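One structure follows; several queries about it will come next.
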Amino acid sequence: MPWWEVTTDPIDPAVLQRRVAMPGNGAVSLFLGTVRNVNEGRGVRAVEYEAYGEMASEELGRIVAEAAALAGTDRVAAVHRVGRLGVGEASVAIAVSSPHRADAFAGARHVIEEIKRRLPIWKREHYVDGRSEWLSGTEPTTAAARAPEAPL
Amino acid sequence: MPWWEVTTDPIDPAVLQRRVAMPGNGAVSLFLGTVRNVNEGRGVRAVEYEAYGEMASEELGRIVAEAAALAGTDRVAAVHRVGRLGVGEASVAIAVSSPHRADAFAGARHVIEEIKRRLPIWKREHYVDGRSEWLSGTEPTTAAARAPEAPL
Amino acid sequence: MSLRRGPPGRLKVTVLLFASYRELVGVESLAVSLPQSTTVGTLLAELRRRGGGWARLPTAPAVAVNRSYSRDTTELADGDEVALIPPVAGG
Amino acid sequence: MSLRRGPPGRLKVTVLLFASYRELVGVESLAVSLPQSTTVGTLLAELRRRGGGWARLPTAPAVAVNRSYSRDTTELADGDEVALIPPVAGG
């Protein structure tokens, strides 16, 4: 069954891996996004993720369901962490298992691409020079235009 | 630096993940191949991997180097396990980290595809009915035809 | 009396702001009373007319109604949760 | 005496067999003495002529010389390690 979560807890990739493990699925694709120590030439000390929590969780559930349909498997798991994260810490982890490796890769790829495109989460970078800034992000409007579940 | 190994030891994906971790690389793609409990309709109890050890290690090193060039990163790690493995155990693990997620995915994908195409490793499946058979594999000849390092 | 108007009741929606929008306006959550048949686009225009940080919001920010992305033409209903969504940066 | 022959010495190579090929022939490793300028293809033909399991090997199996895939036309050198590679099934 698909599984997803938006949480302040640290991410353990091994947990995700176990969630998607199934004896008939020989391929597991796992993706991790971690906090980089530099962005556009500026030294980064930490990143603060803010989420529209309830929607982020619902939207992540929709993304996970799409990936499951795409990959022909229900073994898709994704977690996005929010709050303050240090360099090297994982902000996002995705795991997909499948009998076929191409499906596992495609499923994981779909989840991370759609997270970047439409998950209502924002990132304030704290730089080593003491300043901090909201990262300019991606307009999620195209998601609305194509979302089949757009209300009314 | 790239890292690879052909070993009888159990695989710990977390170790590979740590090997490719780098503060400037925000994307990690990890792939795991695990022993399935069924193949072509037959129940599988265990799989025995046999390798031409020295060549498998050298060839895996070449594959890892190709993936590193392809992904524009030296953070590529791959391990293939040999010996007798039970259902669910990992036979292969690959990790690639990169500043760019597309490169991380492409690197991991290259390694698993080339492993399946040309790594001199063979698989004897032990079935629940007590029989066992060498799995019919893939002719590695195309690798020879295109290998730039083909001797003479 | 010759022109039939919409139903006389009004609807209440909650407007939510996040991240840079929240800091721009200085408001995290706002209860707004609107005429029936107000669309997302009309609400946005109404908010921008309040001036200050509101006037500096983008003309057409992404909007979610009840936690799904919506269009400018979406009609609001009583009790809706309307979130103004800055460009996203998850991952 | 009018026709110049190749150098008189011979070369020794080690032939390795794996997995199904090893079981087919019943041999894991074999030292073979060959004339100079023997190619991979010629060695394979020589091996198949030994009959038994050797004759049931594929006509053109994949071959690695010194741990790199080679071609039928590759000339062998003294001390080479020549491995017959069954269809692979790693991963």
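Residue numbering begins at 1 within each chain, and the chains themselves are lettered A, B, C and D in the order written.
Note that in this section a residue touches a chain if its C-beta (ideal position, glycine included) is under 8 Å from a C-beta of that chain, and two chains touch if they have at least 3 such contacts.
Being a predicted model, the structure only gives us computed values, none of them experimental.
A.B. asks: What does the chain connectivity look like after leaving out chain A?
C.D. replies: If we ignore chain A, what remains breaks up, so that the groups are B, D | C.
A.B. asks: Spell out the chains that contact chain A while also contacting chain D.
C.D. replies: Chains touching both chain A and chain D: B.
A.B. asks: Could you please state the distance in Å, as a whole number, between where the Cα atoms of chain A are centred and where those of chain C are centred?
C.D. replies: Distance between chain centres: 27 Å.
A.B. asks: Cα centroid separation between chain A and chain B, in whole Å?
C.D. replies: 26
A.B. asks: Rounded to the nearest whole Å, what is the centre-to-centre distance of chain B and chain C, using the mean of the C-alpha atoms as each centre?
C.D. replies: 52
A.B. asks: For chain A, what residues touch not just one other chain but two or more?
C.D. replies: 33, 112
A.B. asks: If we use the touch criterion from the header, which chain pairs count as touching?
C.D. replies: The complete list of chain pairs in contact reads A-B, A-C, B-D.
A.B. asks: Please give the residue numbers of chain B that touch chain D in the complex, ascending.
C.D. replies: Counting only chain B, the residues touching chain D are 33, 49-52, 54-56, 58-59, 80, 91-92, 112, 115-124, 134-141, 143-145, 147, 149-152.
A.B. asks: What residues of chain A sit close enough to touch chain B in their complex?
C.D. replies: 13-14, 17, 21, 23-38, 87-88, 99, 101, 104-105, 108-109, 112
A.B. asks: Provide the residue numbers of chain D that touch chain B in the complex, in ascending order.
C.D. replies: 16, 18-20, 23, 60, 62-71, 74-75, 83, 85-91
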